[in-house]
Each structure stands twice: as C-alpha cells, then as structure tokens.
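Dropping the structure in here first, questions after.
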Amino acid sequence: MNTTADAIIIGGGIIGASCAYHLSQRGLSVHIIERDFPASGTSRACDGLILQWDKLPGTELALGLASQQLWQELGSQFGAEIGFEQAGTIFIAEQADQLDAGSLKAYALRDAGQHAEVLTPRELRELEPELAPDLAGGVLFPDDLQVDPRRATLAMLAAAQRRGAQIHSEEPVLDLQRAPDGDQAITGVITPGGSIAAPHVICAAGVWSAEIAQLAGLNIPIQPRKGHILVSDIRPKKIHHPLLEGGYATTVQSAAEDVQVALVAEMTASGSLLLGSSREFAGFDRRVSLAVIQAIAQRAVRFLPGLKHSSVIRSYVGLRPWSPDHLPLIGPTSGALGFYLASGHEGAGIGLAPITGKLIADWITGAALPDYAHTLLPDRFESLLEDTTNVLV
Amino acid sequence: MKTTELAVIGAGPGGLAAAITAASAGVRVTLIDEYPHPGGQYLRGAAQTSTPPVSRTEQRSRQLLHQLPHPNIEVLTGTLVWGIEDHTLALYNADGVRFLRAERIIIAAGGRERVLPFPGWTLPGVMTLGAAQILAKEHGLLPGKRILLAGSGPLLLAAAKSLLAQNAQIIAILEATHPIAWLAHASAIWGNFDRLREGGVYANVIRQHHIPYRIGQTIIQAAGEEYLESVTAAHLDRRGNPIPGSEEEIVADTLCLGFSLIPNTELTQLAECQHEYNPARGGWVPTRDQHLQTSQPDLYVVGEAAGIGGASMALLEGQIAALAITQRFNHIPTLQRQLRPLRRFGAMLNMLFSPLPALDALADDETILCRCQEVRAGEIRQAIRDGSHTLSSLKNHTHTGQGQCQGRTCGPLLTRLIASETDNLPENAGQFRPRPPLKPIPLSALAQEHHP
Amino acid sequence: MILESIEINGQSVLVPAGQSVAAALFAAGISIFRHTHEENAPRSIFCGMGTCFDCLVTIDGIPNQRACMTLVHSGMKIRTTANEND
C-alpha cells in the first residue's frame, strides 16, 4: 500500500471516528489507522454519559456545551442506532454540604443556559424510589445525554466511510514519515501494510498517544487513569436516570495518587446496570482490582439498597487519557508541523468527541475557531519539546 | 485476612489427591469446592451409592474421598473462588465474601463439556451427558422417558451406564466419530488396561440392555414447541458432513450430548499464567514445568484443568504437585513414569474424538450460538466476515461472551467457527479474558466482607 | 431417606433432603425453569454443573440462582419463571 490522502487519523476510537466524520464531511480524503479494531480501546470500556456539571466553568464547560449541541445533532441524525437518549442525570447529595456544592453547580449551569433543578429528599425519592431514604437531596440535570459509545464510534466511522474514508484495522503505526529537509514536517505514516502520505496526521490514540507522539519527537503528558465498571444482572427497571454521587465531580478533577471511588449508576438497554466509578494512576495495568470491586459495591448498595440481591456478573477496566490541566490537547503543534493532537480527554472523551472532531477539522481547513480553541493547543505544555526518553509513567 | 499454607481449588480426584498427599505430610490445607459436596463431577453421588466402582481409578478416588474429614484439611464446600490477586483468593459462600491468602495454590478446577450447536439445541430436554449422569447418579432420577445420547468420546458410555442403572429407556447411542478414525488410532487404544477394562464394563452394560451403539452418526436437529419432542439423526461421511438422504426422525423427550471436555482455565487465566493451545490436551491449557507448576510461582495446576486426560491422570498429577510442594521429590519420577502412558492415551482420545470442523456447519444462521445473550450464528458469521477474527473482537461487535456464563459455553464454539471461517489456526482466535467475579456475586456480599 | 418440605411455585412438596433444586424441580414434573430475556425462549437444565447459567430460578425471593448448584433446605421457596413475581 502506497497511497496519499488529505488526512490520516491514528486511532479508531470515538475521537478518531469524530475527526474522520468531520473531515470527510468537509470533503477531505481520510485514512484511519487502527492497530486493533474500531472502538477496541477505551471507547468500549467506558460508560456513555455526557455530563456538563462535572466541568469547571471556563474552557472546560464551554467545550462541553458546544459538544452537547453537536451530540444533539448526531442524536437527530442517528438516533436509536447509537443508543442516543436525553436521559438527564441526577447528582445525589449524601450530606448537606454536598447539596450546597450541587446547588452551586446548578446555578453555574443555569447561567450557561442549561436546565437544573435542585431536589429535596422527597422530590429525589419521587424521581428515584429506589434511592436510600436518608439522603440530603439531589440535583436533576435534564439536559445531560447518554449514548452507546461503541455504536456511536462505529456509526461515525460508517458515515465517514460513506464519504470515502478508509479504515485500516489491525494496522499499527510503525513510524511517521518526515519531510527530508527544511522544517522536517510530518508527511505521513508507515505501517506494516506500506505507507500513506498526507499533509495532516492526527493523533487520536487515547492513552497510547504519548507513544505515537514520541515518533514525532514530542513529549506529551498524557497518562492512563484507570477506571472500573461493574455490570449487574438484568433486573426489572430499577432506576430512571443515571445517578452519580456528589463526590464524583471531586474525583474527576482530582489528581490524587490513591484510588478514588464515587458511585455512577446507569441502566443499559437490556436492563442491566453499569456501576462505576474509580480513578487511579496505575500505568497501563488493566487488571480488575478486588478492592475496587468491593468499594464500588459498597457505594452502590449504600445509595440503592434494593440492589442487595442483584449480582455483579462481570467487570472491566478502562484507561482514561488524563492530562495534567484536565483539558484535552486539540490542535497543531509547533514541535511537529503537519502533526495534530486530539487526545487527553480523561473521562470526557465520549462527551467531547464531536467538538474535538469539529475543532480538528476547523484547524485543518482553516475555518474560524472559537476563542477557547487556543487554550487547548498542545504547545501549552512546556515539556512538549523536551527529551522524549522516560516519557511514560 | 486468613492465611493457609496450601489452597487446593477443586475437590475432584485431582484436588483430593493433592490435598490428602500434602495433608499427610503435615501441611495445613484448605480444600475448596463450589459444589456443596466434595468429589467433583467424577464422584457425584459417590457418597450414597452402592454401585461398585467401574475401575481402579474410581475405587482410589472414592478411597480418597473417604479420608475426609482430615485433621489437616479445612474443607470449604459450597464455596466459589471468584477472584485471585497474586496469592489472595476471593471466596464466596452462604456466609458471604471473604479473602484467603495462600502460600501455595493448586488449581484442580476440572473440565466442562462441549456441545456443538445445531438447530433446536437450546430446547429444554437437550442437555449435556454430564447433566443427565448427575441426575441419575446423584439423585436417582431420569431426565426423561425416551432418551437419546449423542456426541463423541468415552463419556457417552459412562453416561449410558449411569442412566441404565436407573432403568432408563435409551433409544440409541450415537458416536459421531467415523469408523475409519477408530482404525487409525487402533494401536494406541491398547495403551491403558484400566481404561480398556472400564470400557469393557460399559460395553457389557450396553449390550445387555440391547442399546444400539451407532458409530458415524449424530443429531443434526432437535424439534419441539416448549420442550423437546423429536430429533433428527443422520449418518456422517468421513469429513463429518451429514449424508443427504440418511436423515431419520426419532421421537425423544431427552437428548444428552457431549463432544469431549474443555479444560477450565478461568482461574489460571485470571492469575495471568502462560497458556498454550494444544489440541491433544483439549485446547487452551496452562503451561507447566515438570512439577506441574505454572508460569506463576507457587501456583500449580493438576488434572483436567491442565489438559483432558481422565481421573487417573488427575490422581497422579495431584500427588506430584503436592509432593513437589512438600519437597519430597524422590517419589515424583515413579509417578511421572505412570503418567506417561496415561498422557499418551489421553492425547489419543482427544484427537480421536475431536469433532470434525464440518460439524460446525450444523448450526444454521438462525441457530443461537451464545446461549446467554441469544446471539445467532448468522450474526456471528457476518461479524467474522466483517473482520472480527478474535473472541475479543466478536465480544465487541456482537454481545457474545457478555452474559452470565462469561463465554464458558460459547467460547470453544466461537474458536472453532473463527478458525474455519478464516481458515486459520484456532489459537489465533485468542481467548475471552476472564475478570473477577468469575461467576456472579451478589452486591450485598461484595459490599460487606465477612470476617470469620 | 429424610424428606424435607419445600414450596415450588406456591405448592408444598416433599423432596429427599440434599437434593439439588434442579432435581427437585424435575422430580416434581417441572422441566421448564425460565424464559429468556430477549426471545422468551424456554430453558432448563443444560450443563448440570454450574457453568452455563441456563437453569436459573428464584429461590427464597432471590432471582437468577442456579438450580443445579443449590441444594434444597427445609422451607425453601422456589419459583420458576412464569411465577417469579407472585
């Protein structure tokens, strides 16, 4: 295979799929290079919740809201095919101080045009009768969305393919091609199948982005942040909205070394429950931890006592691509011309996939960019151009 | 957390041999089995039976069982090992969840039956040979009134004997292996006198009851509304294809099936032991050194869980591992010498009775392949054609392997399907990756650790 | 032989002590244990040894219990699928 394209996307997860979707929509020829199979990485090991209230006001929230708008459009376009639902989410406050924190989030989001309703304990239990009776209340965020991440990835890839995009599965990137002289720009990729030349090469490789970026001489600070999900057996419908305990937002923003556990409970289409969540730095270790299983189970039974007789039938680990300032790295870099990053979304990859794809397409086609786009550039990390040895934790 | 010197997981012949050999040397042993009674599948019903043993192996196994209770062995029956992290075992029983740290571990988790799918195989009334045997041996019950046995391997005969002991009406026994294959392996069949004698016992029983034993035939379809009502038998050619025109409809309410056994490797996989694909041992097995230690230090595997070879092999292997653990190496070479012909015989059986790839075509596109998630063969074949060439990829693109059995039933079937559709080696399809809990555990138990 | 009194779908039955729930159901003439979630297809004993998860019934109010791996105890209440929510 020796071919040329307008753009090459490294990584066939939801971020890569979104980049492919947007680029092909604008008429660019796109090749996606995926070393396993589409949605085989973090995109198949996560829940599909698209939240806004876990985002800090500023760039993070602006990004989230812009992406929410795009998800609404994708929802209209694909609908049931991607399991799209405006399910809303409920922030559960265990104690009064958490309810205060939740209320502040409600106000902040209302300021940004989102709906939010603070709930008394009685109102909370009216919405979710399965919840424990001793909670301080909650906040309903009815604009929050839910998708099936894997199906959404495949749908966007399929849409891109219909516009001529090509997907290469089981094809790892061996190296990047560079211009022989001058600016040493990145000009393509080399895989076992041959080489593809393109003026724009986008790294959407999730937790493996640091590895790929090294090929471009870049030292990007993306690290895996391990999470667990437990799957319960199928029960008659128990909860009506995805439920997250108040402490969840803290764990999202935290960079603590020890494992952080906060309940996230979400129904699947088949009627089983997904129960998370955990966050810890454990390198690329994907083993399911017995202690974390217990910790998530404890939180689940505390908030949903009716789950006592439900069983956990399986579990899995996902690795979130974490970035030190909790914002993704999106856009070009002066360290390697022709090379773009679209990674570092931590736990917001699903939610921010559409806006990421759009921003990448904007950068590449020279379209107008929103103000916050510049705060997401990879160059904001001074260490980017440092020696690339010892990059991986 | 409680600790033990040696944890033996599985109380069948292999586990019993290991536990008692170690306990006799003074080791404090914890013997764990998921079923409420020890003995494994092999000794189900042994405690209450008056039937004489069919072989020396069965006799020795029963003797071992009768050595329980043993002062050095803590027996935990009705206890599931649902996780393993280094040398910590996660346990679950009626008291709840608890953890046990074991200095050394011997896994004797046994094997499970393989049933090849065909239209109607999910109907009530269609079950494994072992399921029927357990009903008869352990509970003195018959699974039905008009019973047919089909599949391949020695378990067909053993199950028939157990059923006949309860006066079952067995219409016929269908052995799928073609007569030509028997001839090819004839010389190796003489390798094991005890097994041959056991086979002779079965042959006698079947002859006495005038049960037709038809070689080169299998069931290609089962029919019924809510329950099995009839089956279709057919002759198979040398490649395992049903011969057109040879179909015969038989009225039956029970079909007992089994195409050899598959080693239970979930625990060794979860413990991150190295595995290899060895058809002569029944498929994926953990690699072991001469003392049956896996690639993980102080973790041993004995018996069917490391390769299908029968209870006689498990008895010897259980002893070897326990001797190695107690540093009594001088006894081991004798046992290893006894093992060699058994390994050869076991390998021969596995190869002889290995179902031919053609049998995978019995499942039409409408046939359910993943029983838990009700995924049909057509969807899976399409996914394979679309590029899913591993179990992991199939799990991603369909819902196979995501149900309660975590791929135990469908995994071996999918491996065969991928291999034949892609014209590739079975091992290239990989394995399902087990994660804890290995079987479902109630959230209430997980949320609250039991401290004995 | 010691007999124990259990309930199957609301009916009192005497079964031999130590019998598996699966055997007790078969002996009582109940050979369909549940219907599947997607296709409402009938299921019963399949592997008989706790690996296939077909033989699931509700025991003492707790659903999805493997009948083949559970032994009866005095007073046990067993419900097969059609009668799970009574």
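Labels A, B and C are assigned to the chains in the order they are written; within every chain, residues are numbered from 1.
Here, contacts are C-beta pairs under 8 Å (C-beta built on N, C-alpha and C of every residue); 3 or more make two chains touch, one makes a residue touch a chain.
Since this is a predicted model, take the numbers as computed values, not measurements.
Between A-C and A-B, which chain pair is linked by the larger number of C-beta contacts?
Contact tally favours A-B.
Could you name the chain whose Cα mean is nearest to the mean of all protein Cα atoms here?
B
Give, as an integer number of Å, the spacing between the C-alpha centres of chain C and chain B.
Here chain B and chain C have centroids separated by 23 Å.
How many angstrom between the C-alpha centroids of chain C and chain A?
So the centre of chain A lies 44 Å away from the centre of chain C.
Hey, how far is the Cα centre of chain A from the one of chain B, in Å?
Comparing mean C-alpha positions, chain B is 41 Å from chain A.
For chain A, what residues touch not just one other chain but two or more?
Within chain A, residues 233, 309, 311 contact more than one other chain.
Specify, in ascending order, the residues of chain C that touch 2 or more different other chains.
37, 62, 64 - these are the residues of chain C that touch more than one other chain.
Listing for chain B: what residues touch at least two other chains?
403-404, 440, 442
Can you check the complex and tell me which residues of chain C touch chain A?
By the definition above, chain C touches chain A via 37, 61-64.
Which positions of chain B touch chain C when the two form their complex?
Residue list for chain B touching chain C: 34-36, 41, 112-113, 115, 122-128, 130-135, 138-139, 141, 143, 226-227, 264, 368, 371-374, 403-405, 408-409, 439-440, 442.
Provide the residue numbers of chain A that touch chain C in the complex, in ascending order.
Counting only chain A, the residues touching chain C are 233-235, 270-271, 309, 311.
Quick one: which bits of chain A touch chain B in the complex? Just the residue numbers, please.
Chain A reaches chain B through residues 36-37, 39-40, 44, 150, 169-170, 231-233, 287-290, 293-294, 297-298, 300-302, 307-317.
With touch defined as at the start, can you tell me which chain C residues reach chain B in the complex?
16, 19-20, 22-23, 26-27, 31-33, 36-39, 41-54, 56, 62, 64, 68-69, 71
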